[in-house]
Every structure is written in C-alpha cells, then in structure tokens.
C-alpha cells in the first residue's frame, strides 16, 4: 500500500503512466447487483478528456474505458472491477530535455529525488492523466450513491485566475468548456486566449457540492468526512487549498453567525458545509478547492539540471494553460469516492441504528 | 478501524471521552531505542492544557500523562506505547439540558443521528479534549524526527477573528497565551476581553511549519504528503480550511510567478510550501489552517430539541471563546505525526535509493 | 500499524508487557447500543486467568478489567472502548539471568535481535499474558454476535501431550481445569502431575467451534474467512498448526468423500469445516490448533548468552507446564474477533443482497 | 479493500475471472531500481500453468504476462506494476448446468449466497486460475529478496493422496510434473492414472521452505511472521491446514525436545520452523500445507439446485484431478509475498537497530 490505493471499503487502486501502454484502476468493494457497463462510465471520462476545446491540451486521447472484470451479464458481482484505458497518443518525441532539467513547480524534481529513477515521458506517474481512472471509478460510485440514496455530486468553476464567476445556475455548467455556472463565458474565453498568447498559465477555484447525503456519515476522530474530503481533494494534482463550508471565511465570523441555527423546517444556513464533528448533517456538502497554475509553460524559467548546474527550461509540447479547467469532473469523482466509502462504513457499524430524531429537512440547498 | 487510528506505520489509536475516567492513546510503530519518559511529553501537553490564561476555558486539568507500556529502562522497545491521561475535573453537574437540545454548529446533532446514543458529558467524544492524546503522541514523533533528521515542527497564530498578526519572530510565540509571533499582544488581549463580554466567540488562523524535512517523503498518488497533511489538519476539531504553501493565493498567481525557480543555491521562493507532486522538496513545509468560532456560547441561539421541536439554547459552562487559541500545539502534533509516518514509509520502500542529485539548499526558511 | 492491531472494522489494539504497570486494549468499531459492563467481560477473563489449578502457573493475577471509555449509561456508544487490566503480581526478582541467556524455543532471542532492546521481565511483550486483553475484547464480540445472529463460539481440549481426549459433551468443559469435554479427567490429572515432577512441559491440541454463523461471511480472495481464522490462530502464542474442517486428513481423502454433499435437509457431512471458497457455508465452523510445549522449563538446556557464548539455562519461576491448558478461552476469543469483523464487513458490502436460496439447514452440528 | 489486496507495504491487488477477458494484479510498493522484465516472471507462471502433463487440467493457457506499468527502461520505478494475463482458452460452452446446481465441496454455493449473483463460467472468481497473478507478483518478490538478502524460496511435494514422498533432493523437483523431490516418480504416475480412471480426485501435502531469511522479520502481536504465513497459505484455494516447523507433531513433543537448543555454531534443530514469537530466527522457514481433493469430479454427487431441490451433479470439463499438483509454485509465491512485506516493514521500524548479537549460523538447513 505504497499510496496508490484510495478508500477503505470501496477501494480504488490506480496504475499506469502518462505515456506507458495503459492506465487504469481496480475497484474493490463495489456492492454486487449494480447494473454497470462502459456506457455508465464513459460520459464522465469524456467530460475530463483532453482536446475538447482550444483552451486545454491538444493531446488526442479517446480515453475509452474497458471493463476487464467484476461485471457479469450487465451487473456487478461484488468482485474487483478492473478498468483499463489504453494510451493512444504517446508521442515518440525525445524526452531527454525534460529528463535532464527540472521544471519549477513540477514534480520532476521530487520524483527523481525520492525514487532515484523516474519515467519522464509526459510526467510519467505524476501526470494529471492519472486522474482519468479515478473519474472512471467515481462514475461507478456516483451511480450507486444515486440509486441507493438519491445522492447527487456536482461541481462547477468559481474562479479562473483573476476572473471570479458568479453562480447563475447548474444548468449552464455542461454548456461551456470551463464548467462555469453562467450563461455568457466570453470573458473567460478572451482571458484564456490572452494567457495562451502570453505563454503563461493560471490557477482556478472550483466548487464541489453533494446533495442527498444522509446524516451520520463520517468516522471521527480521524476518518471524519471532512478530513477524508480534504485528503481526497488535496490529493488531486495541483490542488493547494481545501475549504469546507465557510472555510477561511470562518476565521472572521462570530460564533453567533457561524453556527447554523436549526428549526423544525431545517437548518437556517450552511456555514458548516454539511459536516459537524466530522459527520454529515444531512445538508449539502459544500467544498471549495484552489488549483495552482500549470508548471509546464513555454516562458523560460530559471532552474537546475540533474547535475545541479544552473540552466533555463522552456516546456514545449501539449499542456493545459489552466489545469483547473478540466478539474471539475475529477473533484466530483473524488468526492463521490469518499462518500461511497463512508456510506459502506456507516452500514457496517451503524446499520441497525434507529436515529432518535427524524432527519430535519435541509432547508439550504 | 472505525476511524480512531491515525497513521499507517506510526499509528496512534485514540480513546476516551471528555468526562469519562480517562483519555489516552496507543502509539504503535515507534522505533526502538528512543530515550523516552513522561518529561519528554508533558511540556507539549502543558502548552495545550486548559486554564492557563483568562482567555481560555477555566476547566482545571493537570493533563498529567502516564506511560503504561512500550518503554523499558528509559528507552522505547518498539512495542506499543500506551499513554494515559486521567480526567480530574469532571463536574457532576446535570448534563440533561445539553442532552436535550442541539447547539448550532456543534457535533451534538450529528453524533446522536449517527450512533443513536451518545455521551453528552462535556461533548463526550466530540470534545476538543481528545486532542490531548494526539499532542502527547506528537511529542514522541517530534523527538524522534529531531534526533533522526533534525526536523523541527513549529506553529504560531496568524489571525484571531478580525485581528491579523504580523510575523515578527518565532521567539515571541512561547511568551503569550496566543502563540502569537509578536512582542506586543495587547490588541489581542483587549479583543478577546471584549469578545468574552459580548458572550460571543471567534475564529482563528494558524500557521504550522516544519524545517529539516528531507526531500522524498510522501507516497503519491493518494498518500501524498500534502494530502495526508490536509487530512490531519481537517481532522482537528473546528478546522474548516487547509492551505499548503501559497494556498488559495495560487488561484490568482501566474505560472511564471507560482513555480518556485531553482538555483544551485536553492529554491528562490516557496509557493509550493515544501511539496511538489505530493513529495517533500526539502524546503520548509508551510501549512495554514482556518478554525471556526466555538459553538458553545452564552448568547441564545435558535435550535431544536431531540423531539424536533423549536427551542432556544444557551451554553453555560467552561468553554473557550476562541478554540483556535489552544490549537497551535495540536496542529504541530498532527503535522509531526504525518511526518514520522512518511519518514518510516520512505525507509521501507526507498531506504537504499541513492538520490541522483544532492539535496539543494533550501534557501527560503 | 506495527502489528498490534487486529481486525479491519472491529479492530483491537493491544498494549502492555507482562510485568509493566498494566496491559489492555482499545476496541474500535463496536456497534453502538450494545449493553455492556465489566460483568460481561470478567467471566471469560476468569476462565483464562492464572492460578486456578495446580496444573497452571501459580502467578496470582485477578485480571480485573476496567472499562475506561466507549460505554455510557450501560451501553456502547460506537466510540473506542478501552479495556485496562492492571498487573498486580509483578515480582521484583532479578531478571538478569533471563536477560543474559536465551531459552530454547522462546522469543527471547528473536525479540532482542529484532529490536536491539527488550523488556525481559516475565517475557515482556512476548508473554502469553498479552492474550488477556484479547479474551476481554472477544467477550464483547461474543455478546454482540450472540445478540445479532445467535452465533455461539465454543472450544475444548482435544489432546494433551500423548493423551487424546474423547469428545463426550460440551457440558463437561467448564467442570475441569483442562477444558476437556469428558467427565473423568483423572488420567489428565496424573499425566500433568508426572510432567511437573519431571520438570518438563508438553503440547496440546484444541478444537474451536462456532455455530450460528450465517452463510456469506468471508472476503475472498485474501481476507477469506478460513485465511483470517488461520491468521488469528497462528498468532496465538505457541501455536504451530491450524486446521479447518478435515484439515490434514483431507490429504488422504478422495473427492467423492471430502466434498460435503447437499440435500434439502442440509449438508450431509462437514469436511469443509463450515467454509467453502473462503466464505461461510452456514454449517458450524470447525477449527483445530496445535500448541507447542512451554519453553520455560526447569530442565537444563544448552544455549548461548547474549555475547554468543555457550552456556546452559534453567528457567525457574512460575510457568505453565502446558501452555495449552489455558488456551481454550483465548482461541474462542480470537475466533469471535474474526467473526465479528466479517459480520461487519458483510453488512458493508452485502447488506442489501437477497440470497437467491434460503439457507439450507446445517444438518451436521 | 474487500479482501482482494494482499500485503501492507508490498501489496498485490488481484482482479479477474476464470473466463473473463483477462486476469491480473497491481503490485504496489515494489522498491525502485530493480531490474525487471517479463522474462523474470514468465518462468514461474510456466511452472504453474495448466496443460503441461497428462495429470493436470488440459485447458490450454499460455499465461503470457504483460507489464503495463511501473517499469521504465528495464527498471522498476517504485510506482504500481500492473501485470496482465489475457485469458485465451475460454470455451463458449453452456455453463447453465453448473449455474443451476452446486458442486459438493465447491464455492459455487457460498458465492451465490454471499453476493446474490455470480459469474459461473469456470468457477468465475473462485477459480484457482486467480492464483496465476499471485505467482507473477511472487516472482518479483523472489527476485528482490534474492538480490537484497540472498533469500531463496522453494517448495516441493510431500504427499499425494496416500502416497508419501521421501525427500531425496531439491534437484529432482523441476524434473517431474509433481514437484516431487525424488528421482523415480513412477508410483505417482500410476497412482494419478488410476485416480483419473476412477473419475475421482485426491488431496496433497506440500512443503515450502525459505533460506536466507535474516533474524528479526515479523511484527508481533498479530502480524507475526508465522500468522501471516498461515493467512497466506490458508488463502490458497483448497488449502485446509497449515503447519510451521514441527506443526501438529509438537502436540506430542516434550519441551525438552521441542525447544531448539542454541550453540555458537547455530541452532541444533528446527522444530520452530524458523519462527519464535512471531519473528524469524535466521533459520530456514519451514511450512507445510494440506490441500483437499478437487471438488469438480465426474463421479455423480448428491446435491441441490438453486431452488433448493434435490438433484445430482456430475462435473465434466477440464479439471485437475489433484489441484495440489500445481500448488507448489503458488505456495512459493505466497511465501515470497509475505517475506517481502515483512522485509519492508522491518526496514521501516528497525532499519537502524544494531542487533546486539551477531546472527548465529543456521546449522540446520
């Protein structure tokens, strides 16, 4: 368990490199009897895949998923589900330049120092490409959660670089390449165009939300729902910050404001973001993450080479100028994976608990 | 493993309730041969314990730790170390009021909904008192890390409610009840006094830093060093946000700014906060957390009782008006626990790796 | 997780040394709402404790258990249950003799070679005394299993040294100091007396059985019910062999004999011992274990000292001449711990499975 | 983690069904820098594969392994190694007969009762075919252990049905289809021939041995080396018993005989089988396992169908008359996987321990 398995009861073991023959994962612990085919998984992969707009990397990958095991006659059998995605657009170009220098802000340096050896082709194991199998696994989790509890996981863009995005409606999210919940994204389009011309990159801020989460999920002290969400989110490539509910805003809130008052009609507010004491309240889970700018840029940067000598690096090739643009389906998937794991853990220990109080309505949605 | 064990190789299993006979933990995986006595642990417990200034809860607990196992003739034996802290100031007052209503922003509600039963005395298991055993375990981790790698973990207050705190020097931190890195804390004193008079509470923002972390710690994809830090921090009571390095600021940074350039003399900046690709760079780890205001306040709040009926709640008793004030040693401990676990994991898999590059100096300290 | 935690969902973390201040464990994952007090646990501890007959060690330990957490108003709360047993009969005698030489067949040698340091008092961590907390934890597991499924775990002696024991009835088991299922144990009494006079020790063979185990428990491929039982049993001090069902007898059985045929009235035989493919069949679980003779004997043995020099060792003090005599409640407890863990795991993944076939009666009991 | 991952630090996640498109595993935690190609793995797979003699199943599978990840330029990178084996001889025959009845002694029944659904093609997930990926993973473990410690893992047949096999020499093992350590296997040949004619099957007993295991591996109390070996062995299909060292023979041994005396020249005997207190002694590990007769036989057996009605079953098709015949490389692989995991765990906690005593020679080999 060298860190490549995610989840205790619904566990996903990830494998592969960006330019190896294939990437994929093994999903262990999926309950039996769930109707499942590639068609349930492909749509989320398509939302994440590269090359879908001029604002993202132009690498062409179909990201076609193949189910190798765990499904029989259209239903899960309760045994491991291996999901395989062949890499098809590995360029045979020379990686020796990247292999000899370190990109500022990239994992080049740390992988080499840790392992003494690394696969430099397209970032190897550190590539964001390895989020694809998680999106695939997350699609299974989403389907099961929706069927069992009516849980729905959604994400949208909140900010791209300096451009804050007003939340208008979830309906707009699928209609633009930014997952922006707004109708008119022309400002974003021109912002991204100018960034690309400048040979630079920018960060982003993303919101992920889950409705239909019953009260009682989360295992304090340490496997708290919020702690596990933070773990999942900070584990996504390029994420540097995670907030639950009011997040850093809660620093300046008073207790009389922050604590969400309760009424028979539900909670009045949702500063908690759906978690109290590490356990779900029944309100929507509200999570926000900060994504740093892409480190692979064509602007020249000061760096060193693998002998420790001073040099300069320019990263050519096909890179996202804002890695956050494709992060929404990834963050959704990771949240779904946390939720299904806790749903199963809750069933294990608390299956026969009768909550003394009927769930109060979650007034804030 | 219902969530009360922290860490894979240096694992801490926490037990106890706020007003039960005792709290404590079992530390498993501590390497043998470390000199250890209660005197190594007590100082950090004393930094966290209640009743040390007028700005924190007046509950009187000596928080005296007893080592029950795992140490022989002053050295760890490699076997489990049980640390016991007797509760001494459990008041025999009636908890029925708290037992019947839910405090807005408190885990009262979720614990009852999850388990169907709870220990309401002083918050029971959800009390921040349960961080004491982690501080004790963290003291062991700190000692071992310092001895083996010269690693040093420190924390300080960055903001209390609306009052931002300038970083003057680490030297000031032990000299005031706020862990503030500044000489003159009179503004904080009066702020806290007025808050207490208002019967309200406030949030806080804390910085935790670790120097002397070698490059190469962290297990991507999922047990990344930053992901595990986020998990640890978000698992501390009342934490609602976690940042590594530039954190949410990285949203508005350009790639040309964010990526820390390298020179033979070291990194030029530390936006990464000491982690790239989930693996330590050798620079200082820099973490920041947001702590929400205490939910137990004497101002009346709208709520419901356990039958779901509308009511009002006032929380009397001995509570911290800013739970963040005592959080610094807790956050330090949790960071130390993450680090020792990764130090051991690194030894397991990478003990015989020769890093091709000598560690570059960490210019930014 | 340096090996001192047992179980995934109902996990028991064990701590303590034979002659330290206390031994105990933390039980994490016990479902909430179970009525529990020390009185539920003490009887099994009393069955295991030393000094109850002339055939076992004369060390006097009350083995009085104290519940430190996880129970409120007589019911489990779903939070960790710490069970503490104070050591009361630590002799202040000089352990330097044992500390300087290695007893043949004892863990003295391996502990020192592994950790470089050890607590030699009474065997320290390697003492069979550390099974007491497992017996205590097992009592909780037994109670829950009985309440939820009617599961009953029982054990008895099958053989002491050369003396094979016929199974007459479970009723006799509590009526003699050997846990023998026979009315007349005079042969065993005299066998043990002569062994003690000879200053020697002997092995034993024990049967453990569980009825009322529903079909479907066990998680193949690797966390198979039988594999986890083997792990639990081989983890008991001095155990050198484990069998399920027909065990080693199955080597000489033909397929036409071994495979338990099924009828609408139940299975015809139980060579499987209640497990097929790592999953419980609904028949009784049948397990048998081999326990080696005690290594601490007063007959002189050839050995080396800690400098590697040739010497001789005689182990005086209070030791069981047949460590197997007290192993029955230990083995029961370990089986119960395996079963509750799998019961919870089954609930997690398969809670909503409708078995297509109603359970067939388990004809063989 | 629904039971399909083996090992804590060198962990193998297994997937696939007997007649699905592919089987395989993901190896996580392999140290970086190990030279590795398919050629290192294929020989052990070839030793296990079906169709190599008239005494085993005639299914034709090349069992050709493909490394999909974790190796770059001929060396492991420390990232997950996915090993894929395509199934090539899935017969398109109708499985409805097997799908409707239960074979006595087979996992048919328990899988269906557990999951409510199963893949019946060739036993689906319960097929011994799923040991192939473990053999592949074990080959990696063997190579690393040999390179690092000179550890060598070997197995051989001890008994086939009633035919006990004298140990003549390890040299004979590769020269016959039984892994028998004897020169003349004509008795075994005719025994197997008559068994096949009788339409019946038989059990077997196998010895597995490891030399070059340093003292100090194993994590008591629960992750003892012997306990983990028992877990691994009992997890192999059809295994019903496990012994370490003297095993069940130790029941009738006296302490004066069983305890292996030590001299400056080494241990005098090896009744311990290389483990004391759950920790390796430095002597050879000696393990013995009992394998039950194959349940899929052409002799008619009484059983029930999936409606619970009485019926009879005859299993036609391609089955091993003695599943034990191909078990030797499997058991070797499982032992190697246990050993590498403990080697890594030992490095984590005890890397800097100086054993006070130089290892004594292991006189008994």
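Some observations on this one:
Going by the order they are written in, the chains are A, B, C and D; count residues from 1 in each one.
Keep in mind that, in the parts below, a contact is a pair of C-beta atoms (placed from the backbone, for glycine too) under 8 Å apart; a residue touches a chain by one contact, two chains touch by 3 or more.
As the structure is a computational prediction, the values presented were derived from the model and not from experiment.
Think of each touching pair as a link: the shortest run of links from chain B to chain C has 1 of them.
Centroid analysis (C-alpha atoms only) places B farthest from chain D. Separation between the centroids of chain A and chain D, computed from CA atoms only, is 38 Å. One inter-chain figure worth recording: chain C and chain D are separated by 26 Å, centre to centre, where each centre is the mean of the chain's CA atoms.
If you average the CA atoms of chain B and of chain D, the two centres end up 45 Å from each other.
Along chain D, residues 1-5, 8-9, 14, 29, 32-33, 78, 114-116, 125, 345, 349-350, 353 each make contact with two or more other chains.
Every residue of chain C that touches chain D in the complex is listed here, in rising order: 1-6, 8, 14, 102-107, 109-116, 125-126, 130, 159, 161-162, 200-205, 215-224, 226-235, 237, 240-264, 268, 271-273, 275-282, 290-295, 297, 299, 301-304, 306-310, 345-346, 349-350, 353-360.
Within the complex formed with chain D, the chain B residues making contact are 8-9, 29, 31-33, 78, 344-345, 347-353.
On chain B, the positions that touch chain C within their shared complex are 1-5, 7-9, 11, 13-17, 20-24, 26, 28-29, 32-33, 66, 68-70, 72, 75, 77-82, 114-119, 124-125.
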